[in-house]
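Chains here go by letter, A, B, C and D, matching the order in which they are written, and residues are numbered from 1 within each.
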């Protein structure tokens, strides 16, 4: 009886999420719109920027996650808090922060040219919002690797670097995959910061917004469906 | 030596996040702009909508998390995947999904009036994007409560409901708090879906975007700083 | 009086197969290897699991379908499961508070039971600061305070070290007024505490009766679990093997337990376990004499 | 030969205080209660932890500041720490692969050591499917294959049940060609395996020498840890207490271990532990005789 009441809440919240999504997927509108050159370009831009940002996040995330998992040092929890901050700051604010910084510091002002309304601006935003997911996932991976395993490897003659590549890294393969997917997915979702930093080249979420504003719901539906399918596919791999 | 190289990556990524944020906080621009009536109204709208959405998320999240933690049933993992979907779908797409659904189903079309460009539209979006955080946090809480404790309570004469309120719920207090903060913070961050569903009444992130588009960076800086402070404060409580 | 009739249950990887037994106001120990599903039996009796088939009667009443809160059984799980957000006093008083007993009575009973189990000095403590042995006593007090019709103990000494184990056993011996069903994998516990003893393997209760069944295993599986030597179809307890001079056997391993040594002797192609106080070395030749043998069916 | 000189280290909640000892090609067991920081000692010798002060010499060479990979010590941690992504063969071969030994030599050595430890049939297995005893042997093989200058064992039997423990002890006895430093909280292990024995409490090595130190505790703390009865300033091992007729003592508790019973006797205000094969009950009056006493300093 008690459980039945509880289940009612579960079913209601499930339907709240499920019905709109399933309705959207079954009423995608005119899918031929997806073949529009602007749409294809937007998908290319989004996925490429996502891939580049995720690669950078991976390169920085592995050493960062390792150090955070294996060492204690002063201000470590402050440092961890800062690394998580991009998850807490509102999306449009992130755009303002990055832009203010670039235009505020004289010696890096020149970078603005490569960032504002530029492909690399998209990459920077994606990296900024996605990196915490990468770091946390990889740090959790290293934390789950028993340190005794690394110790044994070393007593058997493997140096620290050798142990890292031979033992630790292969053991966190799944965490690396989930870090990659999460930070990629977080990146390509972003629109608030992108509107501020790099309206052009248009990413898919920006294009959806633009089509909606200019031509209404029906014009943005098919593109949305395409984007949902990408997200769900990524998500399915993750699970 | 190996660790030193690793640490360089950590420091670089730390600075990438830290410097822009600290620069922003130390160059907030003209803070008196925060006293502008439109700004104050936006803060009121944002925080109120966030609070209402979080309350609803809590009411649904507790039973949902409990059922997910305590029972196995067919399609459970499918159900959990759906409940996580709002985290995976790009922000502007979420707006399109909700709007399409409301306008697509005849018998609920009337709701549109209370959603589009309306306070309740903001609440719906905040709830949609925030609920997965609430559910996951509460489910993890119940999972961490040893079931034997509940069993013992029952053999001591407490019914299932009594045990729930007397034993289980107090034990997950911290998970409830973190669920509340995470879903609240996720809500008030949102801008992509809000632009589509409820441009008015303006939330802070929307206002920041608008000021930036109309008056440039300096007009949006002080509001951004205000919003960052709110986020950091929430975040500090969470840790 | 507890009567279990043809109880069957499959739960996770464990199963009960057609378990039947009957006990009175006595201390009953069910002995079985870890992971044999003994806890499933206790959980069915406590009402936490619903049996797939079979019946449970407590003092003549059929309780098979009653929820746990209506059974009046005392349950002490393996990890004690103290309420971490309540202090020791509140843990012990919990059952009475739920039953809305009056405050004076609660106070009196908590103090009484705390005295009985030597934990009066712990009443204000946070349960997270207690040692394993202390937690065990608090869990016991919490279950006993309601004067249950039966006390169910799930491996009460598995989480504590040997010294505390001996202590807990001595506390458990004091419980005389309530029937106890105690499950364990520890042979010494069964020998020390059991007025009735059952042997549980692979989901089945393969022997049940008075303490003597530990001395006279009925079949090979029981004999092996009890650590008997098996020669052809006879079982010989290690304590019934006497090491003497001779050379039919060769010592292959010795473990020194202080008071005596456990020796493993190669004898006619068998490895025979025995105890001795002699000073032997690996490789020594010895003779063996079997004081008592049990024929296996 | 291993020589440890004035080794001190603080790590997490554990500490070593000025530990010194010396061992040859022999089997050395360091005995101490759980949580006393014995692992810190082993981790310092393995090079995993850097001592705060003191020196470690292995075969005359000062290895205090060498990284683990340059020490040639065999290390078997408490949880075995097998490489979960490699099969048994690859686990054992790991050290030789790192050393770039040739493939034929690796194969020969792996098979040789696997035979020695009776795990030849496991070589293709995934390590996650192994039982505790099997994991232990694989970890041992992985450490022994490099012919280490010393083998370090951290509580090798703490995670397995009594039958497997006896098995592992018999495997360990076979290691004759390499010095072994074995830490444990189990007295029987120390008595059975130790050619040299140390007693470690609260970060200090409070006794070190041949096996006799287990029979003759130097002070009260050691005596208590070893389970001796303490009367005034004398320590009496439970096995040296003889139960006879009389009535100076009253039996307050009995644990039945099968071969013998452990009895707790109230005697002159002390609770004396003793072993007996007599059939006693709680409350019986008995006499006590002390066969041997050690004076405590």
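Things to note:
The criterion applied here is as follows: a contact is a pair of C-beta atoms (placed from the backbone, for glycine too) under 8 Å apart; a residue touches a chain by one contact, two chains touch by 3 or more.
Which protein is which chain? UniProt says C, D = Molybdate/tungstate import ATP-binding protein WtpC.
All values derive from a computational prediction rather than experimental measurement.
Using the mean of the Cα atoms as each chain's centre, the chain most removed from chain A is C. Centres computed as Cα averages put chain A at a distance of 17 Å from chain B. Chain C has its Cα centroid 54 Å from the Cα centroid of chain A.
Shared contact sites, meaning residues of chain A that touch two or more other chains, fall at 160.
If you draw each protein chain as a dot and join the dots that touch, you get one closed loop, with every dot joined to exactly two others. Applying the touch definition to all chain combinations yields A-B, A-D, B-C, C-D.
Considering their complex, residues 2-3, 5-10, 12-14, 16-21, 23-24, 27, 59-64, 66-68, 71, 77, 79, 81-86, 88-93, 95-101, 103-105, 127-128, 131, 135, 160-161, 164, 185, 188-192, 195-196, 204-206, 208-209, 212, 217, 220-221, 224, 227-228, 231-232, 234-236, 239 of chain A touch chain B.
Remark: chain D residues 43, 46-48, 67-69, 71-75, 77-79, 81-85, 94-95, 98-99, 139, 142-143, 146 touch chain A in the complex. On chain A, the positions that touch chain D within their shared complex are 146, 148-149, 151-160, 162, 166-167, 170-171. Interface residues of chain C, counted against chain D in their complex, comprise 34, 161, 163, 166, 169-170, 173, 187-188, 191-192, 237-239, 252-260, 262, 264, 275, 282.
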